[in-house]
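Some structures are shown below for you to check.
The same subunit A turns up in both complexes below, where it pairs with subunit B and then with subunit C.
Right, the complex of A and B next:
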């Protein structure tokens, strides 16, 4: 028995060491990539980091708390406008736009949580979408933000692209770290329980409203921060693109194919989505249709997404969120 | 002796449908109260009211000296009311061990470390050490039922509500459930046990309450209740002569 426990401990240590080495290698590769990969690879990676960050947040909501939002574009659009106004209208630095976007996002999320948290299921989904659409109408008719004309975000042309790359890398890593921290904490147990059975979770003592609100606020902040970076990358903003449902549709695609309710899913999904988008760039009219077909086929083959399938088939737990019984020494 | 749980004139209506009209009973410390009655008698609805999932439209529920009708589900769990479900509602994407830890952390307000230590003890009581790291979704029915009891125990309840824990199990599996109930009695739990597998339940209960059409028909010693005319009429379908 004692030998068995020692062997388990040794196996667990080896697995942790391998994970650490792999993570370090990936990080080093990502750090040196701007210097060895060229501009195209750098831009692809920027998109992967940012789409992964927003998808992690959508997954946190839909995959764990059951809040299926179709209105995350509200936070991206608000963040884009905060960036445009801060840097174009008032000539203030970019970092201030990040802070303001985070603050405005959390305040906006708190305000809209009052009505939309009274809605459940599909009503919540539609409610979030309507709020984003209302923002679109409001911004398109608001003189202060130049109606539908929008802004060219010229500060984006003056920034160092390698610095921007590292900023996006940090946003991507932070989004994973935030979800990882939550899932490894006590709240992680509540989220996994809610993901599996909300009614039972409540009867076991989980406070649904409080947990959902906390995740909604965190998701709004991280989405807004990534939104500022997305608009630095786009370098222009109009109400049509700022509050377009396409932002959320891409998050849904990424999470569904990667694996909903898994931390690894949005990473795998974002890589696939960005690479596919590049390939489908030349089929502008059909790209969404092709993405849709791919998603449907994948759902039929692996209903829980790629990571969900691997987790179920091989009990993969790359980020170590599972609770394990510690072998007694 | 003061009852740990006292229910007086409990009633609930959904529109014109009066599911519970008047339920009365007391539950004492370390007592197992069996509840029988035909389908539609309102047994599960009563458990839903006791846990706060449904709100009673009339009557009182006094738990440890406090009227709890207005208290939330969360408050009732923290006060010490745990339950199992007729169809097990385990967290399928979590292991049995994690399910029980969650019960301890959220039901009893324990630290995760303390809840993990408690989970190992509970796994022992419910005989699930071997399946500790198995995903709940992959467990068989008996183990899911055991796990339900384990998760409910983790919240350190004073009263546990069993909703057909023996339902759907084979005779040998039922013996396993009875063994757990016997252990729980030794640990001092008070239990309300709804069951259709009556012979099983009678082996583990102190008193039996019979419900029909939303009212309590009779309550007392198991043998007396089961042989009473009232139970024969409303539950076993024997007609008056």
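Right, the complex of A and C next:
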């Protein structure tokens, strides 16, 4: 028995060493990329990081917490408007916009959590969407944000694109780290217990409301920060694009394609989504059509997405969130 | 004062239209527990189909509607049989996401085929004023919306309550296994339900196209209205959709009366959210009675 355990431990040690080396290599490649690759590759990588970050958050809610939200565009839109107002209206620096966006996201999430956490299941889904739509109508009729004219975010033209690239890289890595940290902590255990059986978890002392609220707040903050970066990349904002369901549509696509309830899923999904929409860019109008068909086929064939399929078939597990029970020696 | 009366009357009549927009969604949810996210886009697709038949047959409204319903019933059957029925047993999320994907496909296909222009369906009665007095005036389109909605809702309730097939459908909704043991083909009943929902969506599509202009991307807007109607009235309750529609219509028109026209839709959303919070299961929910 003892031999068996030690060999198992050695095996997992070499496995994690390989993972560490691969991760380091990928990180180094990503760090030197802006100097080696051209502006086009840099731009695509920026999009991948940002879409990955917001999808990671949608996945945290839908895949682990059971909160399927169709209203995450509310946070992206709010963040975009915070950026536009701080830099255009008041002429303040960009970093202030990031901080303000995070603060406003928390406050807004806390306020809307009062009504929407009373709703369960599909009602929560609908409620979040209605809130985002209400924000759209409100902003389109609000004189302070120039109605539906919106803003051009001119500060985006003056920033250093390499710095912006590293910022997006950090946002991407932080989003993965946040999810990993949550799932590895005690909250992660609580989340899994909740996902499997909510009543049983509550009886065993999991505070459902607090755990869900915490995940919702974290998701809204990271989504808002990524939202500021997304609007720095887009460089203009209107109520129609700020609170468009398209944002959440892309998150849903990414998570479904990659695999819901896995950390790797949003990474793979974001890479596929961004590359596919770049390829399909020349066929305007067809791109969402084709993405929609792909998503439907994937749900029919592999409902757990690419990562779920690989995990089932080959027991792949890049970011281990399962706990290894320490053998007593 | 005249304006207030006018707002209330128009709000109630508009509620009829909203009720029939939400009817299909409510039916599908009540019978198979599925939230059909494609409902709004399916309804707008109906509007386009009716419009196409309208240009071919030069505005014979009954013929247009019958042909469009025939098309959509076939479409609904295929949609349910080959997509939704395959995943409906695998928990709530896959089926929800399938309808989501179909919704995106429909919207983009419509945009590709018809372009992004505003469209409408013309009819003889749309522009006629049925009632015009000092206090209130009612246009033909609004009155037709309300009357048709009430008739369809009553007929559908009778069908579900009184007929043999209606009983089989209700049995599939209550307990799939028990229904199957009694010889009900529940998957077929699901398909029938989807076909009925598509027929009501066709009628809704015609009425919406007759009352307002529509675009290929109008679907989500009507989906939210349908959601609002259904959650206010109670998911799965057929009479509830009429109540929900009227409440939503009144909320919008009174909101625009008190706060200005820009806030018409906004006040509708706010009332929806408040009612969802106070009464999460809806006013006439099936869930409460079970």
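Worth a mention:
Here, the second predicted complex is superposed on the first by the 322 of 329 C-alpha atoms of A that agree within 3 Å, B and C clash if a C-alpha of one lies under 4 Å from a C-alpha of the other, contacts with A are read in each partner's own complex, and residues count from 1 in each chain.
Simple rule for what comes next: a residue touches a chain if its C-beta (ideal position, glycine included) is under 8 Å from a C-beta of that chain, and two chains touch if they have at least 3 such contacts.
Just so it is clear, the structure is predicted and the values come from calculations on it, not from any experiment.
By the touch criterion stated above, A:22 is placed in contact with neither subunit B nor subunit C. Contact with neither subunit B nor subunit C is seen for A:149 once the two complexes are overlaid on the shared chain. In the superposition on chain A, A:99 makes contact with neither subunit B nor subunit C.
When the two complexes are overlaid on their common chain A, residue A:107 makes contact with neither subunit B nor subunit C. More residues of subunit A lie in touch with C than with the remaining chain of the pair subunit B and subunit C. In the superposed model, A:275 makes contact with neither subunit B nor subunit C. Of the two partner chains, neither subunit B nor subunit C is touched by A:41. If you check the complex, the residues on subunit A that touch subunit C are 62, 68, 114-115, 118-123, 125-127, 129-131, 133-134, 137-138, 140-141, 245, 249, 252, 256, 260, 285-286, 288-289, 291-293, 295-296, 299-300, 303. By the touch criterion stated above, subunit B contacts subunit A in their complex at residues 51, 53, 73-74, 77-78, 83, 85, 89-95, 97-98, 101-103, 105-109, 112, 116, 120, 132-133, 136, 151, 155.
If you check the complex, the residues on subunit A that touch subunit B are 186, 189-190, 192-193, 195-197, 199-207, 261, 322-325. Against subunit A, the residues of subunit C that register as touching in their complex are 35, 83, 86-87, 90, 92-94, 96-98, 100-105, 107-109, 111-112, 220, 224, 227-228, 231, 235, 262-263, 265-266, 269-270, 272-274, 276-277, 280.
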